[in-house]
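What follows is a set of structures to go through.
Here chain A shows up in two complexes: once beside chain B, once beside chain C.
Moving on, here comes the complex of A and B:
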């Protein structure tokens, strides 16, 4: 968390993350180039650059897209998510080399503006196998560019989390465009079935993991909470929540995070103000609810970030009765103080 | 999983052991899979041809310049190696034909057709064919010889013929790009042919052997713009064949260019 904007707030974790990331990128580039030179000595430098960057960027995009579901399946993957935007920006830079080199190679020094040429050289837009695949790659690159330049928290704050999140969810559109770009481009030339196999495996992995975690999440959140007294709904027993930890529930359209800490129970809105992370999967650290995604913090009794920060969450009334936690799904205004419910000493 | 021991906070210096242990395994798996994946991808690739573009190496050739139907230098100074035709197809810088450059040269030198000249340029060659890019543009002409000229191009009788194959831009195919054919190169080939580089039809003769035809209209006219949609596609073309200035020529009406699919193409092989 930071009050002021800095290009990157470096810390030990981020430095290690980026170090491993770029060693990985260079390792992939070196192995790919070595195999190309060994098995295809007639390859040109331009083709080598285009293909190397294509493989690395597409591989990185797959890693980026599986991080979310992996973290839902096992929280120990969360460090991968913490610095994911560095991964995204790195992937964009590699993709930019690929796209830039392809435009220079295939569209410059001709009788048409290179950008116009991308859209007009091959105009078989109604075809499938003959579709102008470079257009799809170009559009995907534009999306990745917009994501990369708005990746900083400055833009998150100024665009609002909802718009920022919406823009960055376009990564799935970019991925779809790139999959079709590959299918209608390289795979129309290369006829070894291994390429189709790899492409389909990638798509199945991404969609499969998202569907699996989506179903699990939906089941968790849609557990019926029907036992109601005076507007309060019974959500779980006290034992179901570890001390200093939380639980996410969905009642009457409200996404609520309930926390048990220091003999108290409090409830706040389950969506982090930073990047809409699942607050309920966080933990109480130094007396504050700490979001599992990027460590944003809120006080459990009023949903406010501790000074000097000014993020605020809606709060909910809670109750403890016969060893069970109850919550009232009618939210109070963001930052409203609610006296924590004391857990009776047994 | 013990939540107490695995809650990660990015802004803290230390990562819980449980996270570190899993991530090390994850990273090791990635680093093992990377060379396996790259090996699989590279090994499964189509091979590249051995054509050459002598980028950065400008050479001089002397011979008879033929303007029609496309700019060709009939090299007479024995610099062309055995196994290659000495009829060198001339192309311009970038994605342009040579005609614009030759036209500019002729403004000061007069018509070059049929004259013995020395030209400089960058060589592109493969599969028995030579091309020369007039890299230095208007400075490509080194010398005009004051010798008797060859007035006519070498013409042979036409005969009806038809082949299946692919329409290529010869500059890329014979060495500038790898691969200079197929779908991934299609946009570039369209740009090159649109820019005046003579389209070449790579006909599948038999057993993987190719014949390269300059592709012209029924009356020998240029049909570059009319065939752009069929460039880099597998097609059959029926027309008449001949040889002009050492290059086989296929005279065809653009409407007689028929798309075929890979299955029928390879069935004819």
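Moving on, here comes the complex of A and C:
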């Protein structure tokens, strides 16, 4: 959608978002440091930094992973999603301090290359309580690094959306690695059950939310659309969609966004060209369907982004009969014009 | 074990070195060819995408040669 790339997409809301984020990070850091100093009087500065940054990065990673499902459950969480990228890069920077400090502390004193030392300093790869957990942290950090350096839209376009999405899905692998990193590492020396409780609660929250939204979505997928006429399927009554708003439906495996605007009805593919955002949850702004995630725009009648942009969505034929909206689930080629269905005035 | 790790690290180091060298002509000529939207972008943008160029240089080289 960008005609020209700017280094960082900042606007008023995003600046506020980043400000709150970094105040939050500082607040967590100060609180955690106070606790550590109170309970471990002889703690060294390095250990203090390693632990504080570990906890903060791990906490931020949890937030990042629950934002997606939360937004599906309730749209009021959308502002969090809107700037998740900055959250991700900030998390990486904090994790980098943790990993970097740990390498300095544990791996720069010998004569082995520090990176090689992560792999060789402890080779009990079959042990549990003495497992070389730092290797897992290192691998996770590499994944987070690759995600952070490709977070700009330039990479979404130039690595191709499929590769980019695949790379960024590795965040779940990174999360798994870190959970094991923590369980086989720090938690082996902690006898306070609170740490295990928190770790398990985190895992349950994240998997639970993903499973829950997954189940809801599959249910939606298999919703029976009983009424069918000449290939058109009945979707809902006209009143069910507010003016200038949309509705997402699955029909015959097609993910369709239907919009009602200015006395018309149109339908387009429900997957945004930017990062696969749910277009049907967006609104019509300035005559264009506007994606709720980052504001990519498409004309409702032909699915094309207005010039100078050139994204195109598949379009679907619609019909209005007896106060109900019907849609034909066979898509037309991306960017094909379809005369909007006029809503009969009663 | 240690020998294998040292060899892998050496390969990674060489790969990154090539990426660093590649990023110079890529910024100079290739970037504008691979993605014309980058013409006129700021220095900060170019710095931000440089780590990615160093890591994903084979992909970008392929795209550059194809155009």
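The rule is simple: the second predicted complex is superposed on the first by the 341 of 346 C-alpha atoms of A that agree within 3 Å, B and C clash if a C-alpha of one lies under 4 Å from a C-alpha of the other, contacts with A are read in each partner's own complex, and residues count from 1 in each chain.
Everything below uses one rule, namely that a residue touches a chain if its C-beta (ideal position, glycine included) is under 8 Å from a C-beta of that chain, and two chains touch if they have at least 3 such contacts.
Being a predicted model, the structure only gives us computed values, none of them experimental.
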For A:234 in the superposed arrangement: first (chain B), second (chain C), both or neither? neither
Contact-wise, after the overlay, does A:35 reach chain B, chain C, both or neither (first, second, both, neither)? first
Where does A:165 make contact in the superposed view: on chain B (first), on chain C (second), on both, or on neither? neither
More chain A residues in contact - chain B or chain C: B
Please work out whether A:116 is in contact with chain B alone, chain C alone, both, or neither, and reply first, second, both or neither. second
Considering only touches as defined above, state whether A:55 meets chain B (first), chain C (second), both or neither. first
Give one of first, second, both or neither to describe whether A:188 is in contact with chain B, with chain C, with both, or with none. first
Which partner chains sit in contact with A:82 here, chain B, chain C, both or neither? Use first/second/both/neither. first
Quick one: classify A:74 as touching chain B (first), chain C (second), both or neither. first
So which bits of chain A does chain B touch that chain C touches too? 112, 123
Residue ranges of chain A in contact with chain C within the complex: 2-8, 112-113, 115-116, 119-120, 123, 146, 149-150, 152, 154-155, 157-159
Contact residues on chain B for chain A in the complex? 1, 3-4, 6-15, 18-19, 21-23, 26-27, 30-31, 34-35, 37-51, 53, 93-96, 177-179, 182-188, 190-192, 194-196, 229, 233, 262
Contact set on chain C toward chain A in their complex: 1-2, 5-6, 9, 34-35, 37-42, 44-45, 48-49, 51-52, 55-56, 59-60, 63
For the chain A and chain B complex, residues of the former touching the latter: 1, 9, 11-14, 20, 24, 27-28, 31-32, 35-36, 39-40, 42-44, 46-47, 55, 59, 63, 74-80, 82-83, 105-112, 117-118, 121-124, 129-130, 132-134, 184-186, 188-192, 194-195, 198, 242, 245, 282-283, 285, 290, 292, 294-295
